[in-house]
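Scrolling down, you'll hit the structures one after another.
Note that subunit A is present in both complexes that follow, paired respectively with subunit B and with subunit C.
Then we have the complex of A and B:
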């Protein structure tokens, strides 16, 4: 999916827990997610802290999307 | 550690009014065996059924397959930390009821369990069709939490297998085999110095959400990689708490009879020097994957291995754990062979593993789990067919009106097992 959308000329950021797989499949912009069963949140956190965490991930993804890259890049949160 | 295993061959199971093994026949009086099972408030009903190889029987949904064993001499009891108290096992003497299993069946979550056919093409794909199976069929109470019921069903199976195993305590085995694992110092002895030092890295399913494995009662996702003796594994130190995509999950029976361990022990001191077994988990956090594979490679180095066999459990993100274990050993000069299976699509043309690396250049496959198979209708169902369409490997319409099933091999318990406990592979 990542590669096909990029092939159409639209940049993609892949938010993904297992970043090595993302690297293997050839994503260019990668943001590490939390865990496989809950990539974009953490049910163990209180709601307000989890909101912060989710916000941070999305902000990082938007930052990655607007950053020029010349190789596969992992944007650490 | 030295373990003498006495095998008592079971040639049949029948119901009776007492529990015993007589002339290779297991006689089962259900009532006293079901009493402790039904004490659990989450288990509404339980009964036994018997499935014999070749009979027109389909068992589903299957949770676990367990071989009855009993500790006759030496420390601890079978399934330590689960059924017996926590105490080191793997030494002394153990009796095994060979040729039979306790199979736990009945709905848990409905999409995580498997199928065992006792005849037809489905039987060819599962090793458990060749066993005399005492099937413990359970039903949960109406209002239950799935993870709590999974624990109840898991314990019920292990306790039943232990109780059946107890019947073998005083019997004279048909065959006795002595298994011995060396200490580190012994592995350096003169007569083995020219043999390659080989280790076994056993990956344990630990993704959570009922994808778990227990070691001496500890949930494997809460562990770091560690060492275990091959004989401890034979005494039930590792038990299954998972069965989703039943084709490549290790049942408790697989652990008790791990073919990699048995094959390595068979050539130990002759062709190779089997130095030890490392167990490691497959967690859902990237940091855990990195940490556990780091630990595995540190231990492989500590054991001064020349080579290792790595077996995976499951597929998908654990492919990354597999590749991390493989590459981190290879980069230290430790040669590896990995045993895995494939999800290459129904036509077999897609990428087989989710992760890959050039260093993973010696691979044994247990088969393509996406391959489609049509299981013929069978005369009798033990359990229920209610979940065939929703279980992993099935699809809407899998269960056809005539009772036949069209599904992926995923649905068959043990069909693409990654310990090599199956008959499929590829060259």
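Then we have the complex of A and C:
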């Protein structure tokens, strides 16, 4: 899906936990996530800390979208 | 003659520990065969026996790739086996990645033959086909009855050091290594037969399929995020509560477009996941954990981004055919372009 949308001309950032799959699939901008069933959250944290965690991931995703890349790039949080 | 010693790797589901709610369990070792191992045992006959089975949660393995590989590798080493087999994983993505990863590690570190099995579209197949032998299986466990004899047969050949034939003969996913053999008909005859079939409009199979390198060059970055419209797309199956479009929990036949104008936060009362490939509890409690509507809405209000697009697009990426995903994404992309969306945040579970 990442590839088809990017092929249409829109930059995509892929937030996912198993980044090797994302690399295989061909995503160009990748942000590693927290866990498979809750990529942008952590149910063990209190609500405000969990929101803060998600905010950081989204910040990283927006940073990735604002960064020129020549090749597949993983943006570590 | 003593039997060859085999160690078998399976996931929590085939290990009969449980379904997705148990996918977090770390690896554990059991004596003898478990689950599909019993069928392997039958097929091995007097030649080989499964001395130990390693059962491991799919999420645990994939979320801790290095630790999991080390842990399982140590367990395998303790048994000093002659052969290592994993799966078959069919079209289960995390299971396939785990099987490929551990087979690759065992082959490299312990220097013994390894074998796994999976469906050709399993992401593990693309990742490991050139590194480990992968028997081509059906896309679901309904294919177990055919997969086990094929894997057992090839596994015995490997452990006995017999010559491995071409992928079409042995039933493994092409690994990129050419294996020579003498055909009954010479090349020119076979080529003419193919040509005649082609002219007649009949189906024929090439002996040398062209490799497909399907890469999309990265699109230029967003220069001014404060003016950009950002859309959310997910394969995590987030849908309005009640799943109005009835998106299937696996092998999804559709995607949904859902309006989030004026929605600041996704709650357990309003949204849920349709995804059947992982434990849905966390996403059902708070779907923002899969698609960050709350944060992006906040950023829109703060002016960090220009706009959060009024719709999000969702399907279930669980055993869903690559061709289907491509089709949905192409349709989604058309919509995104018609709405002048500048960039996409795509999340996967």
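As a convention for this text, the second predicted complex is superposed on the first by the 77 of 77 C-alpha atoms of A that agree within 3 Å, B and C clash if a C-alpha of one lies under 4 Å from a C-alpha of the other, contacts with A are read in each partner's own complex, and residues count from 1 in each chain.
In this text, a residue touches a chain if its C-beta (ideal position, glycine included) is under 8 Å from a C-beta of that chain, and two chains touch if they have at least 3 such contacts.
Predicted model only: the values in this text are computed from it and were never measured.
On the superposed subunit A, the two partners subunit B and subunit C do not both fit; they clash.
In the superposed model, A:30 makes contact with neither subunit B nor subunit C.
In the superposed model, A:1 makes contact with subunit C only, not with subunit B. By the touch criterion stated above, A:66 is placed in contact with subunit C alone, subunit B being left untouched. In the superposed model, more residues of subunit A are touched by C than by the other of subunit B and subunit C.
In the overlay built on the shared chain, the residue A:21 is in contact with subunit B and with subunit C. The residues of subunit A shared by its contacts with subunit B and with subunit C are 17-18, 20-21, 24, 35-37.
If you check the complex, the residues on subunit C that touch subunit A are 20, 23, 59, 62-63, 65, 93-94, 97, 123, 126-127, 214-223, 225, 228, 230, 233, 235-236, 278-283, 285-286, 288-292, 294-296, 299, 304-305, 315, 317, 325-326, 328-330, 332-334, 336-337, 341-349. Against subunit B, in their complex, subunit A makes its touches with residues 17-21, 24, 32, 34-37.
Listing the residues of subunit B that touch subunit A in their complex gives 207-209, 284-286, 289, 317, 319-320, 323-324, 354-356. Residues 1-18, 20-22, 24-29, 33, 35-41, 43, 50-51, 54-55, 57-58, 61-62, 65-71 of subunit A touch subunit C in their complex.
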